[in-house]
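Taking it in order: structure first as structure tokens, then the write-up.
Should a chain be cited, it is by its letter among A, B, C, D, E and F, assigned in written order, with residues numbered from 1 in that chain.
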Amino acid sequence: MNATRQPIEYADASAEVRSVYDDIMATRNTDWVNNYWKVLAHHPPSLRRMWENAKQVMAPGALDPLTKELIYIAVSVTNGCGYCIASHAAGARNKGMSPDQYSELVAIIGLANETNRHAVALDLQIDAAFR
Amino acid sequence: MNATRQPIEYADASAEVRSVYDDIMATRNTDWVNNYWKVLAHHPPSLRRMWENAKQVMAPGALDPLTKELIYIAVSVTNGCGYCIASHAAGARNKGMSPDQYSELVAIIGLANETNRHAVALDLQIDAAFR
Amino acid sequence: MNATRQPIEYADASAEVRSVYDDIMATRNTDWVNNYWKVLAHHPPSLRRMWENAKQVMAPGALDPLTKELIYIAVSVTNGCGYCIASHAAGARNKGMSPDQYSELVAIIGLANETNRHAVALDLQIDAAFR
Amino acid sequence: MNATRQPIEYADASAEVRSVYDDIMATRNTDWVNNYWKVLAHHPPSLRRMWENAKQVMAPGALDPLTKELIYIAVSVTNGCGYCIASHAAGARNKGMSPDQYSELVAIIGLANETNRHAVALDLQIDAAFR
Amino acid sequence: MNATRQPIEYADASAEVRSVYDDIMATRNTDWVNNYWKVLAHHPPSLRRMWENAKQVMAPGALDPLTKELIYIAVSVTNGCGYCIASHAAGARNKGMSPDQYSELVAIIGLANETNRHAVALDLQIDAAFR
Amino acid sequence: MNATRQPIEYADASAEVRSVYDDIMATRNTDWVNNYWKVLAHHPPSLRRMWENAKQVMAPGALDPLTKELIYIAVSVTNGCGYCIASHAAGARNKGMSPDQYSELVAIIGLANETNRHAVALDLQIDAAFR
């Protein structure tokens, strides 16, 4: 596991891996690939599978791309994943997130985590109007 | 604790509690108060404090109200809080969330939880470009 | 698994299981055993092991028994475990927890969950004075 | 977001931020402010709001200040928040926590996390006596 | 969201949805589909995507199918997901899980959750031999 | 707490602590002890108790030792515990885990975390066949 955790650079990658890297860069309109994909590349089926998932789920749809990134960050903060916060905060900034928007996002994440625990501690029953 | 978990209805509430209920209904433009507040009302300092927090954090600002609800739901799903999901999904629908938006929200929440664990399992180092 | 999840009552228990039940009732000075132990009893090594753990950890020591229950509840609320909250809230009430103490406990649990997420989202560095 | 994560020192702070810092130092009877507040200060409404919350919730009340810190640590450990553990363990030591008390706290946190998962895995039904 | 949460039965499903149901039943050699898929079916792209993921990840490979189910349960218990535990415990029993294996699984899950918190509380540094 | 977090080396350990270290090394057939035990050693009752737990739970039984390590890792990744992942991945490699097995383990952990959140978000009802 130790050795396999080194990121696989494009120059060292198999044709199968390179084809995914190429699609990542083309889809994102960038000339580099971040460590998530370069470490996942040790297992090409996982690399390809996860990229297909990310491409489908994060594409513009009924929700716009910035909103999707904010949701991603909310999950990542709640799970305490530093890498994920860093990568998706960068993605959100690229899509126009302002410092005030980030501050409000953090405030909501915090408040929701607080009230989630209150609801559990107080064994709240769901109001009829919410069903 | 058992007895205190019954929601306190308006008719049975103290003047202090009623003043918060009144502000909740006025701010939300509704004629009822949901269980979260009615159970929290057993401890008026918590009731007032939490309402002041919610009013400030969830007000329109750099992020619009629907986006704020989606973020709230993302946290609540990640924490597995059924009451919180029900109440904020209702809030999101009131603010215009469509079924497709909810489906995409669920997809993003799931994907983020998946990749969060990958990042931890693979001990990913944050890319220089993200710092 | 289905069948094995039924609680094993004293009358139906093996001598090995009864000896643990006896010790639970004697230690707690009660005449009944709660479901946690009666379901765990399907695997006697786990039953005995967990009871030895609980007896050692929850005994009066440098921390008093009520404080220990409050800590237990704080963990259980954060993990969203309804059974655990119900059982240890009962334990705490037996040890003297007042309604106001419970309200303050819930407030702290909520606040800590909130600020925990802030700390992660803001990537806080530990102050030198805290090390 | 990058720039905004630098702590804002007193000398560089606005009057609005300074007034909160002043209140933190006066309330705690210290001459410094920890990073949580100095990073939160990039969004003054959050700084003020969170300080008002912390001041109210952590003040002596039905629970004593050391017990409140222990509860805070229990949540922070369960959530895996290193900063929060460091800051509140320092707070607890200031309020008299002994090494043995910390060891017992850690033991309870661990045990509660263990039994919480047992309760979920075994789908325990809440005993009538606990309701 | 309310209406969309009803499971979509085969008789009411579109051709697109039926083709996924057909593949689920053929792959699993059963004549029914569980609620996860029938509720996900309200968003066909999610239904198809998740089924492709599950089929690839849970297929026999370097790990055998029963071991894969045990891992799935370990995650689901740690996250407190009752539906997931029920469905994957059924899957594990179908693949030969014995009651004693389930009891040991539960014991490991509990122990790991306990020691995970100890590691965090004690701020353990990774031993050189583990790197 | 600061001082007590230094690992206690064998040469500096009390007879009580050494006897546990001796048993750890004999049971594992190694000549060293990892940091978890050396830090826990500041509280000998916890050291002895946890070692008795680990020895019993992780011993070969109805599940083989490698499967037990994989389950341990699944929990540790879901909880985001870096130390625990490092130590149990080392244990798993010692027991024969291949790189492909680790890749599949990571894939299952990720998928389970994803579907766990779907199940919660969609409020899935447990199928009759699973009960």
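Simple rule for what comes next: a contact is a pair of C-beta atoms (placed from the backbone, for glycine too) under 8 Å apart; a residue touches a chain by one contact, two chains touch by 3 or more.
Treat the numbers as computed from the prediction; the structure is a model and nothing was measured.
Colleague: Once the contact rule is applied, which chains count as partners of both chain B and chain C?
Modeller: Both chain B and chain C are touched by A, D, E, F, going by the contact rule given at the top.
Colleague: To the nearest 5 degrees, please report the angle of the rotation taking chain C's Cα atoms onto chain D.
Modeller: Superposing chain C on chain D takes a rotation of 180 degrees, nearest 5.
Colleague: Interface overlap for chain A and chain F, more than half of numbers shared or less than half: same or different?
Modeller: Different: fewer than half of the residue numbers at the chain A-chain F interface appear in both copies.
Colleague: Could you work out which chain's C-alpha centre is the most distant one from the centre of chain F?
Modeller: Looking at centroid distances, B is the chain farthest away.
Colleague: Please name the chain that ends up farthest from chain E once chain centres are defined by their CA atoms averaged.
Modeller: Centroid comparison gives D as the farthest chain from chain E.
Colleague: In whole angstrom, how far does the Cα centroid of chain B sit from the Cα centroid of chain F?
Modeller: Those two chain centres are 35 Å apart.
Colleague: What's the distance between the Cα centroids of chain B and chain D, rounded to whole Å?
Modeller: Using C-alpha averages as centres, the distance is 21 Å.
Colleague: Would you kindly tell me how far, in whole Å, the mean C-alpha position of chain E lies from that of chain C?
Modeller: 27
Colleague: Two or more other chains in contact with one residue: find those residues in chain F.
Modeller: Expected reply: 49, 53, 57, 78-82, 86, 89, 100, 103-107, 109, 111, 113-118, 120, 122-123, 131.
Colleague: Please name which positions on chain F make contact with chain A in the complex.
Modeller: On the chain F side, the touching residues are 80, 89, 93, 97, 99-100, 102-104, 106-107.
Colleague: Please give the residue numbers of chain E that touch chain A in the complex, ascending.
Modeller: 2, 45, 49, 52-53, 56-57, 131
Colleague: Across the complex, what residues on chain A touch chain C?
Modeller: Residues in contact with chain C: 73, 77-78, 80, 82, 85-86, 105-106, 109-111, 113-118, 120-123.
Colleague: Can you check the complex and tell me which residues of chain A touch chain B?
Modeller: 5, 32, 34-36, 39-40, 50, 53-54, 57-58, 61-63, 67-68, 70-72, 74-76, 78-79, 81-84, 86-90, 98, 100-101, 103-105, 107-109, 111-120, 122-127, 129-131
Colleague: Under the definition above, what is the set of chain E residues touching chain B in their complex?
Modeller: Contacts found on chain E: 1, 4, 42-43, 46, 49, 79-81.
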